[in-house]
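These notes concern the structure reproduced below.
Letters A, B and C name the chains as they come in the text, with residue numbers starting at 1 for each one.
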Amino acid sequence: MASTTVTTTSRTPSSVHLTLGGRRRIGHTMVHLALWFGVVLMFIPLAWTISTSLKPVSDIYLFPPKWIPNPVRWENYREAVTSIPFMRYLWNTVVITGLSIVGKVASVTLVAFAFSRLQWWGRNVLFMVMIATMMLPPHVTLIPQFVLFKRLGWIDTFLPLVVPQFFGGPYLTFLARQFFMTLPRDLDDAARIDGCSSFGVYWRIIMPLARPIVIVIVILVFNGTWNEFLMPLIYLQNPANFTLALGLRMFQGEAATSWHLLMAASLLTMLPVLLLFFTAQRYFMQGIVFTGVKQ
Amino acid sequence: MSKHLHLSRRAFLKAAAAAVGVGALAACQPAAQPAPAPKPAAAETKATAAPAAAAATAAPKAAPSSSEAVKLNFVCDTINTGHVQVRDKWCKQFNELHPNVTVEHQPVPQDYNTKIQTLFAAGSPPDTYRYLQEVVPIITVVAKNMHLRLDDWMKKDNYDLNDFRKDAVNLYVWEGGTYALPRDYGDQNLFLNLDLFSKAGVEPPPVDWTETGFTFQKFLEMAQKLTVKKGDKTEQWGFLVNRGWRPWASWVYNNGGTVVKRDAKGVATEMALTEPVAVEALQFLQDLMYKHVVAPRPDIESEMGGFELFASGRVGMMINNPSAVNQYRTIQAFKWDIATLPLGKASKRGTGGGGSGWAAGATTKSPQWAWEFLKYISTAQGEQDEVAVGATTPSRVSVVTSPQFLDPNKPPAHSKGFAQAQEYVVRDPVNVRWPEVFNRIVTPNMDQLWSGAKTAAEVTKTIKAEADPLLAKG
Amino acid sequence: MTAASRELVRERPPRRRSWRKFVRKNYEGWLFASPWIIGFLLWTLGPMIASLGLAFTEWDLLSPARWVGLENVNEMLRDPLVGKALKVTTLYALVSVPLSIFFGMSLALLLNAKIRGLRFYRTAFYLPSVLSGVAVALLWRWLFSPEFGLINLMLSYVGIQGPSWLGDERWALPSLVMMSVWGVGASTIIYLAGLQGIPTDLFEAAEVDGARGWDRLIHITLPMMTPVLFFQLVVGFIAALQVFTQAYIMTNGGPNNATLFMILYLYRSAFQFFRMGYASALAWVLFAYILVLTVLIFRSSSSWVYYEGEEKKG
C-alpha cells in the first residue's frame, strides 16, 4: 500500500504579476502610487469622523469645514460613553458576536463540506434551495418570523439573534463550498483509503487547509453581527439588552443629531473590527499550506 | 494517523453541544437592572405652580388599589439621549409612587414606525406608546380598535383637559371618543439670521401673528435684499425653501387655500390644491428658486441639508418648527430669532402643524394602570421634563407660555411666537388612505415642482387626478 | 474507482428493497448538512411560505388579511412604478456588479504583491465597510454636492462643470453606483483568500516555461480564481438586486423615482402604505427574477468555472 508523505509547498503571496529584475522597482512605485490614491479616498470619511468627534458642538456646522478642531475636545468621548450605557451595550454585542462566530464557523464549514466533498441524494437541489433563500427580501418575512419567535417566547432575548447562527447561513456556506472545491481530491481519497471517516476527512484534511477561508468567515461574521441593526431593533426591547449598533442610533434624533457624540461613539465601535482585521492579516501573509501528495 | 489530533467525532459533538448550552444560558438570563439612573441632561425645573398642574395631578376619586404586580411596557422613539433619560426617570418615579407597577421603558432608536407596526401586526401591541398620526390616521385607530378608549377613565377621574390646546386634544378625538392624550403641538415659524438682516439694512419681519402687513410681496423684497451674488455663484441666499409637507402647506393656508376639502365629519374627500390661491402659493415657492433665485435649488441645498446651510451663515430666512430649537441653539456664529410667516390672500394666517400623543394599546392587560401612567406623563411636570431636554413644543398652554419654555436667556428672543402660532394651526388631512396618498402621489409630484420640471398648475392637477380616487375610497 | 464509490456517484432515487442501502449511502451527506436543513425547516421555510400566501391577500397589518387572489398581480402589471423599479434595479445591478468585480479583483491583485505596508493598505481599503453608515452617507452627500462638493471641485480644475449628482435624475443612479464601487474593499479579503489558495508550483512551472507576468495572470491566476469569481458574481447580483439602505438614506428613491429600487418600493408598500399583501407579491416577483438570473449564471458556470477539487466522473 502506498504510504502517504506530504510535502509542504509555500503558498505565500509573491509578486508574480510584477515583472522581475530591474523593472521591479518601477512596478513597486506604481503600485504604491495607485494604492495611495485609493487610500486617500478611503480615509476622507474616517478623517471627517475623527475630526467631528473632537469638535465642540458649535463647530460642527461650520462651512467650509474646520478639519483641525480647536479646541480638541477629548471630553466628547467621555460624554459619548456615559450618556448611553456604553459598557453594557459593548458587553451585549461581544456576547452575541462571539457566539455567532463560533456557531457560524462550525455550522457553515460542516454544511459546506457536505455540499462539496460528499455525494448524496438531493445535494444539488438543496444547494439551489439554499442559494434561493438569499433571494427573498427580508422585509416580507420580518413579521411572520417575528410571530414565530414570539410563539417561542424568544422576544427580548438574544436567542433569535444567536441560535440561527448555529444552523448555517447561505452566503458563507456558499463561500466555503467554493473554497473547498478548489482543494484537490487526492487528499480525501488518500485519507479514506487509510480508513478515515468522513468526519476525519473534514477535521484532519479539509479544515487545516481551510484556514484562510475560516479567517475570512470570522472577519465577515464579526463585522456583520457587530454592526447588525435591524434584527436587534426588532427583537430586543429592554434597553439593557441593546447592542452597540442600537445604542449608536440613540444619538440620532428626529429633530437633532449629536454629531460629535455620534462620531465619537462610532469610532470606538469601529476599533475592535479594525483591530481584528489588522491582526488577521498575519494569516494572509504566511499561509503555509499542505498542498501536494507524493506517493 | 496523527497522534496529536485525537479529537473524535463524539468529542466534537459534545463540545458543540456544550457551547450551545452555554450560549442558551447566557441568552436566557433575565435582563439585568435597567440602565443606571443617569444625571439629568439639564437642571430639572421645579414644577410650575399653575393651577392646571395641580388639577391634573390630583388623585383620582377611585384610586386604583390593587396590590398584584403589574408589568407594562412604554415604547417610544428616542428623539435624543436626554429624552431617553427623562423617560427612564418617569418609569422609575412611577414605580416609586406605585410599587406594584413596573413600567419598562423600551426605546426604539430608529425605524420607529416599522417597529410599532410590527408589534401591532404580530398581535403584541405596546401597553403605552408615543402615537404619531401621520403614520396611522386616527380613523384607522378607531376602525381597527387599536387604542384604549379613554373617555370613561377621564370621566371617572374628572380629568381636566382645559390646560391642553383644544386643537391638540381634538387630534385624538374621533366619533365622540378620545384615544390619546396630547403630548406636543408644533407649528411652523420663520427662522431668521439677524446678523444678515442688519448687514443688509433690512428690518426683520414682524412677530405678531395677528398683524397683516407682512405680505408675500414684502417677503420677496426682503429675500431679494438678503441675496448676495458674486458673479455667477450665489454666496448668500435670502430664503431656504423647506420642502417638508407642513412648511409648504403653510404657504397654501396663508394664501387662503386648503390642501383638501373635508366633509362634515372632517374626513378629507378630495384634493383642493388646484384652487387658484393654492396654485398661486406653490408657484410663488417655485419662483423663489427659479425665477427670482432668492432660494437655492434642492440639489444645491442637498450637501448636508437645509439646517446646515443656515447654520453656516449663508441663508437669511428659513421655515422650521419649535422642536428644532435645540439644534439652532448650537449656532454661536451669529444671532438668530423667529418671526411670523408671510400672509397672502388669507384673512388670517395658517400654519401646518400637528403633534404626537400618548396612547395605550386596546388589549393592554391593565387598562387602569396604563391610564394612570398616561396621566402621569402628561402632567405639566411631565411636559416640563421634556422641555428641559429640548425638542418639543408642549401641548399645555401653561407650559408653552412658561418661562422654562420661553427661556428669555437663550435665543430666540421672540419665542412667544411659538405659543401664539399654535392658535393658527391647520390640521393635516384625515383619511384612511392619506399616508399612501401622501407618500406615493403627493411627494413624488411635489419633487417635480421643486426640481423645476413642472409648474405648480401641472403638478397640482396631476396630484388631484391621482389622489382623488384613493381619497374617495377612504 | 471501486464499485462502491461508483454507487455513490450515481444518485439514484431509492427503491423499496434498497431503502436501507440508500440511507446508508446518503446519511452522511444529510448529517453534515443537517444544521442548515434543520434551521431552514425551523425558521426560514415557514416565514417564506407565509409571505407567499400573503402575496395573494390585502393586509394592512392591523386587521386580518383579506384574500384577493390574483388582484395584486393584476395591479402590478398596471402599476407604472413596478416597471420603473425593475428598470432601476436591473440597470444598477448590470453596471455595479461587473465594476465591483473588476475593481475588487484588481485591488486584490495589487494587495497580494510583496510590498511594504501591506497590512496597512489592506486595512485602509477595508475601512468603508466598517464605518458608520450615517457618516458615510453624510460624507458622500457632501462629496456629491454640486456647488461645494469635492467631486465637482476637482472636475472644475479640469474645466468640467459637474452635474447635480444626487439631485439630477440622470446622475442619481450613477452616483449610487460610484458609492458601491468605493466600498469594494470589503470583498477584497475574499479575493485574497482565493489568491492565497493558488499553489505556487504552478507559477514556478510557468516561469520555467518562460511565461511573463501578464500571461501568468491570464493563464493561471484567473482560471484558478474562477470559483471565487463565480461566487462574487452570484452573490453580487443577488445583493445588487436587493439594494435598499443607500437609496433609503441618500436619495429616498428620488429625484422623481430615479433611484426607486425594487426593495425600497416594496418597503414603502408594506410599512408606509399599509399594503403588506402587495409588498409580498412584489417580493416574490423579485425573487423569481433573481432566481432565473442565478440559474442562468449557474448553468453557464460549467463552461468557465474550474474546480481543482471536482469529482472525476468515471
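As a convention for this text, a contact is a pair of C-beta atoms (placed from the backbone, for glycine too) under 8 Å apart; a residue touches a chain by one contact, two chains touch by 3 or more.
Everything numeric in this text was worked out from a predicted model, so none of it was measured.
Taking the CA centroid of chain A as reference, the farthest chain centroid is that of B. Ranked by the number of C-beta pairs in contact, the top chain pair here is A-C.
Mean C-alpha position of chain B lies 38 Å from that of chain C. Centres computed as Cα averages put chain A at a distance of 16 Å from chain C. Residues of chain A found to touch two or more other chains are 63, 143, 166, 248, 252. Chain B has residues 114, 121, 304 in contact with two or more other chains. Those residues of chain C in touch with two or more other chains are numbered 61, 148, 271, 276.
For chain C in complex with chain B, the touching residues are 60-63, 138, 141-142, 144-149, 164-169, 253-257, 268, 271-276. Per the touch definition, chain B reaches chain A in the complex via residues 1-2, 5, 7, 9, 12, 16, 19-20, 23-24, 26-28, 31-36, 38, 73, 75, 77-81, 83-85, 104-111, 114-115, 118, 121-124, 304, 307-309, 311-312, 314, 323-324, 326-327, 330-333, 390-391. Interface residues of chain A, counted against chain B in their complex, comprise 57-58, 60-63, 82-85, 88, 95, 99, 102-103, 106, 142-143, 146-147, 150, 155-159, 162-163, 166, 194, 196-197, 199-200, 203-204, 229-230, 233-234, 237-242, 246-256, 258, 261. Looking at the complex, you find that chain A touches chain C at residues 9-19, 28, 31-32, 34-35, 38-39, 41-46, 48-49, 63-64, 107, 110-111, 113-123, 126, 128-137, 139-141, 143-145, 148-149, 164, 166-171, 173-175, 178-185, 198, 202, 212-213, 215-216, 219-220, 223, 227, 248, 252, 262-263, 266, 269-270, 273-274, 277-278, 281, 284-285, 287, 289, 291-292.
Interface residues of chain C, counted against chain A in their complex, comprise 8-9, 11-14, 22, 25-26, 28-33, 35-40, 42-44, 46-48, 50-51, 54, 61, 107, 109-115, 118-119, 121-132, 134-136, 139, 143, 148, 150, 182, 185-186, 189-190, 192-201, 203, 212-213, 216-217, 221, 224, 227-228, 230-231, 234-235, 238, 242, 244, 263, 266-267, 270-271, 276, 279-280, 283-284, 286-287, 290-291, 294-295, 298, 307-312.
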